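What follows are several structures.
Each of the next two complexes has chain A plus one other chain: chain B in the first, chain C in the second.
After this line comes the complex of A and B, so read on.
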């Protein structure tokens, strides 16, 4: 039995769900709590095959509420714990993740988006953006990475554990059914060999010593008696969030300098957008590409700057404007014209984006 | 000079007097629990989880690590802690609304999986924190804010028999009992056995405690005590419902 799943860098050909399970093992995740829902099931399937070989644990719970709350318990016990869900499961997951926000718990949740609202399709969408970024009865105190391909699923699942434990905000990797089920080539590696340092997990409960004798007890709550008390706690959280945002926000952009139209997209749709922009540039058209990798927090400075330069933003997404709403909120007041290209619950091809850009250029 | 009865050692003196209403049963249940923790010498290993409802007022009650969770979700949080670190002694503390209504799926499944945690449930027949609505355990014809003419069993069914249900769905290794704040010595012994069951890794343990809510019952001391001591046990029978090893003994 090898101590490590990945001892040297290698090329592999896998489904996205398998990639996530491998990444979680490589990231040092110690326990997964999960409940079946398509299209994330195979994350659990691969995890349960790998886990006993690498001394990791798994619990199949009674529903997503329980999967989320056991994950909360797992991190409070000081373990790198995670869960995975989709669609209606993600809806239920918002309750425990709201507790994680309130108590600054470094949970990691993988979301493989499916169609919505309700049961809809088990296939694909980008309709869980609003819920994953701002779900729960709170203020969106969380980190959300939107991945575009299997390499990113691997890289950002590993990163999610580190970022969650460093900043203590619940962290999400937002994939989708296409990424979950599709098979694709990527390079897997041992993060430590790459110089990635693991942020250690720390227990909230069960530290050494007797509480009240050797140390103060850990008393963790998410309820407050008076308005001012809650207000003060939240002000501290917002301050931490803003500081974290500067260090965590990520994006990709090219050809935006002189662009009349900038195509904005995220996740798997950005693959089509990238190809479309490259193609249009070859034809000499002034088109640029911008893709936030973090949907929470967004790269606000860069988006604002871009909105002051470009004539039009073409916002492309497999939802009816959930991503666009996030962007519009950031760039409020800018002169740029927003052109929507929304296909809720449906994939978007390069040709469609090229066609749309040509229409509005 | 007045002599104060000794507090359990694991109580946190800085947070006393506690936050519960005068006459509330929670203080008594938590006294029995505190003494059990002291006698077992597990203060350094206990993680105490409390639910939403009046039980949340216990979030800083003990000098033990404590987590206040959401309504009904204390069972999965404690399950998560225990699965991640089996050396800890995990206690999920809740009321009857949390355990038998909003969190019933968690209670049932934790019991069915034989989670090595201890659930302690204070039963006072009402949703107390929210103002005295009908609970799954409201007695037939008992008045509550959402049953102002008394609980009509034709429309709303009969009170949930929690320990009987848990005993029915657990297998060998589980410990299940119903105690009462009217008999603290017995309640403490049940809680102690439940914790020992977890410490020995035998399986799920569950203790329901009959408890009082004079605030929402709108009862004076005499009527409160009468309800706990005489009325509630007519429907909720006190005693051990499942004891590890008992079934084997019966066969001998």
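After this line comes the complex of A and C, so read on.
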């Protein structure tokens, strides 16, 4: 490996896509497989600029199916491999990522959400939540971080590689076109200088020695002969996932203790939600803020607890209830009233959230 | 805008056609009201962000034939600079000047070596504008630091520094000249209004 990309902590001004490429280099990613689609294109563009300088690799494939499967292949060969996509590309990506779920492969996928269904719009939405969290067939298990700003894009892209390789679940960083294209300042750093230890990658296939004699054989399967065999394997996966979930689930919350209304949001919308809650609190209104950072696994314990205390949950998202569906599933049976504030495919401002809270308080 | 205030004929041409996210389009009317002829598509006239190709506005292709000052806004770095080749008469225009706008807070152009390497890829340029900033966090020190680094890169490349630019309040704090003796041009920020 060549010299380091980031040698000292510094404030910089970048687009979100540029941030992801830098974070991937800083995280020790070795290869990106990709196929262009707006609004994630510059991740590839910046990665291909940086890759030759830091002895990393890039392969442009013929479509997202191929980008996903080559990422799977790269991981099986023991490489820290990643891909990035959006919209209809994310639809295609679900097939290979489902295979990664079956084989417990630590792939990392960056999704910059755009409008849908289909090609729709090229910049912004939060309409890829359902697909990114539960897009695989069968009982696929994965980790999904939803970022809100450039600092988080940097932090969680680095984290995604470590979490993926530690727990061996495909991991996603869910951004959107606003974050992808917007420019803002952030602090970049060398993760190792911050005490972040890289979880080493190792090959799944082609290990030395004879399987069953010198080492345990590796069974990385996405096909089973009988239903019972699959059932048994999945039980092990569910157990691992439940154990991992407690360690991985993340959220941010404030002013929820005495709140009558808690504003729930995720990703870039939570920036407006945060400001709205801060503003309303200054006016003496009993409003709280809760934002899951991991959309899968969700911080279930905290959400259930909150649903038992607050009178109303205002769920705010740039989609027609995809995030709300995740929340409702977790808090099923709680007495809290759910108030939706859905604007599929368009941004939501602080003022709009303040207005809505005042309407329902 | 300075030129327009001097009652000169100013044509501002949107050649930022590779996936433009921040564009002149949303502020076209606002600029037109300030006596600037903006040659750019309306957002509603376009489809997508140019991911499947972009059609150059015919008026932009022939922009150099306009009377008065013609300012070409070209984005997207090295790849974007190739857009210039689409202009009619670009190889015959003796007054054409290409200025590279550099922000040392952008990691690809944060050191003298990086700026030199990057600008060499752009091809022939006639000068550099120091536009170092950190958005809302910009201070005079950040801009001045940029002025020093840009001046050094300009010396290596043997091109002049045309000016330092900064948001108006920061520019006022710096004064009429930066620490390297370059003219400081105050900027009124339209960027927050220019998203797609």
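The rule we apply is simple: the second predicted complex is superposed on the first by the 347 of 361 C-alpha atoms of A that agree within 3 Å, B and C clash if a C-alpha of one lies under 4 Å from a C-alpha of the other, contacts with A are read in each partner's own complex, and residues count from 1 in each chain.
Note that in this section a residue touches a chain if its C-beta (ideal position, glycine included) is under 8 Å from a C-beta of that chain, and two chains touch if they have at least 3 such contacts.
Keep in mind that what you see is a predicted model, and the values were worked out from it rather than measured.
A.B. asks: For A:62, decide between first (touching chain B), second (touching chain C), both and neither.
C.D. replies: In the superposed model, A:62 contacts chain B only, not chain C.
A.B. asks: Is A:308 touching anything from chain B or chain C once the two structures are fitted on A? First, second, both or neither.
C.D. replies: Touch status of A:308: no partner.
A.B. asks: Which of the two partners, first being chain B and second being chain C, lies in contact with A:70: first, second, both, or neither?
C.D. replies: In the superposed model, A:70 contacts chain B only, not chain C.
A.B. asks: Under the stated touch criterion, which partner chain does A:185 make contact with: chain B (first), chain C (second), both, or neither?
C.D. replies: Touch status of A:185: second partner only.
A.B. asks: According to the stated criteria, A:209 is in contact with first (chain B), second (chain C), both, or neither; which is it?
C.D. replies: Once the two structures are laid over each other on A, A:209 reaches chain B alone.
A.B. asks: Who does A:122 touch here: chain B (first), chain C (second), both, or neither?
C.D. replies: Only chain C is touched by A:122; chain B is not.
A.B. asks: Could you look at A:41 and tell me whether it touches chain B, chain C, both or neither (first, second, both, neither)?
C.D. replies: After superposing on A, A:41 lies in contact with chain C but is clear of chain B.
A.B. asks: After lining up the shared chain so the two structures overlap, which partner does A:49 touch, if you call chain B first and chain C second: first, second, both or neither?
C.D. replies: In the superposition, A:49 contacts chain C only.
A.B. asks: In this superposed model, does chain C or chain B come into contact with more residues of chain A?
C.D. replies: When the residues of chain A touched by each partner are counted, B comes out ahead.
A.B. asks: Using the touch rule from the top, collect the residues of chain C that touch chain A in their complex.
C.D. replies: 19, 21-22, 48-49, 51, 79, 103, 105-108, 110, 133-135, 137, 195-196
A.B. asks: Quick one: which bits of chain A touch chain B in the complex? Just the residue numbers, please.
C.D. replies: Spelled out, the residues of chain A in touch with chain B are 30-31, 33, 57, 59, 61-63, 65-66, 69-74, 76-79, 81, 95-96, 99, 203-207, 209-213, 217-223.
A.B. asks: So in the complex, which bits of chain B are touching chain A?
C.D. replies: 10, 12, 43-45, 47, 52, 56, 59-60, 62-70, 73, 76-85, 87-88, 105-106, 108-109
A.B. asks: Using the touch definition from the top, list the residues of chain A that touch chain C in their complex.
C.D. replies: Against chain C, chain A makes touches at 10-15, 18, 22, 36-39, 41-42, 45, 49, 122-123, 178, 181-185, 188.
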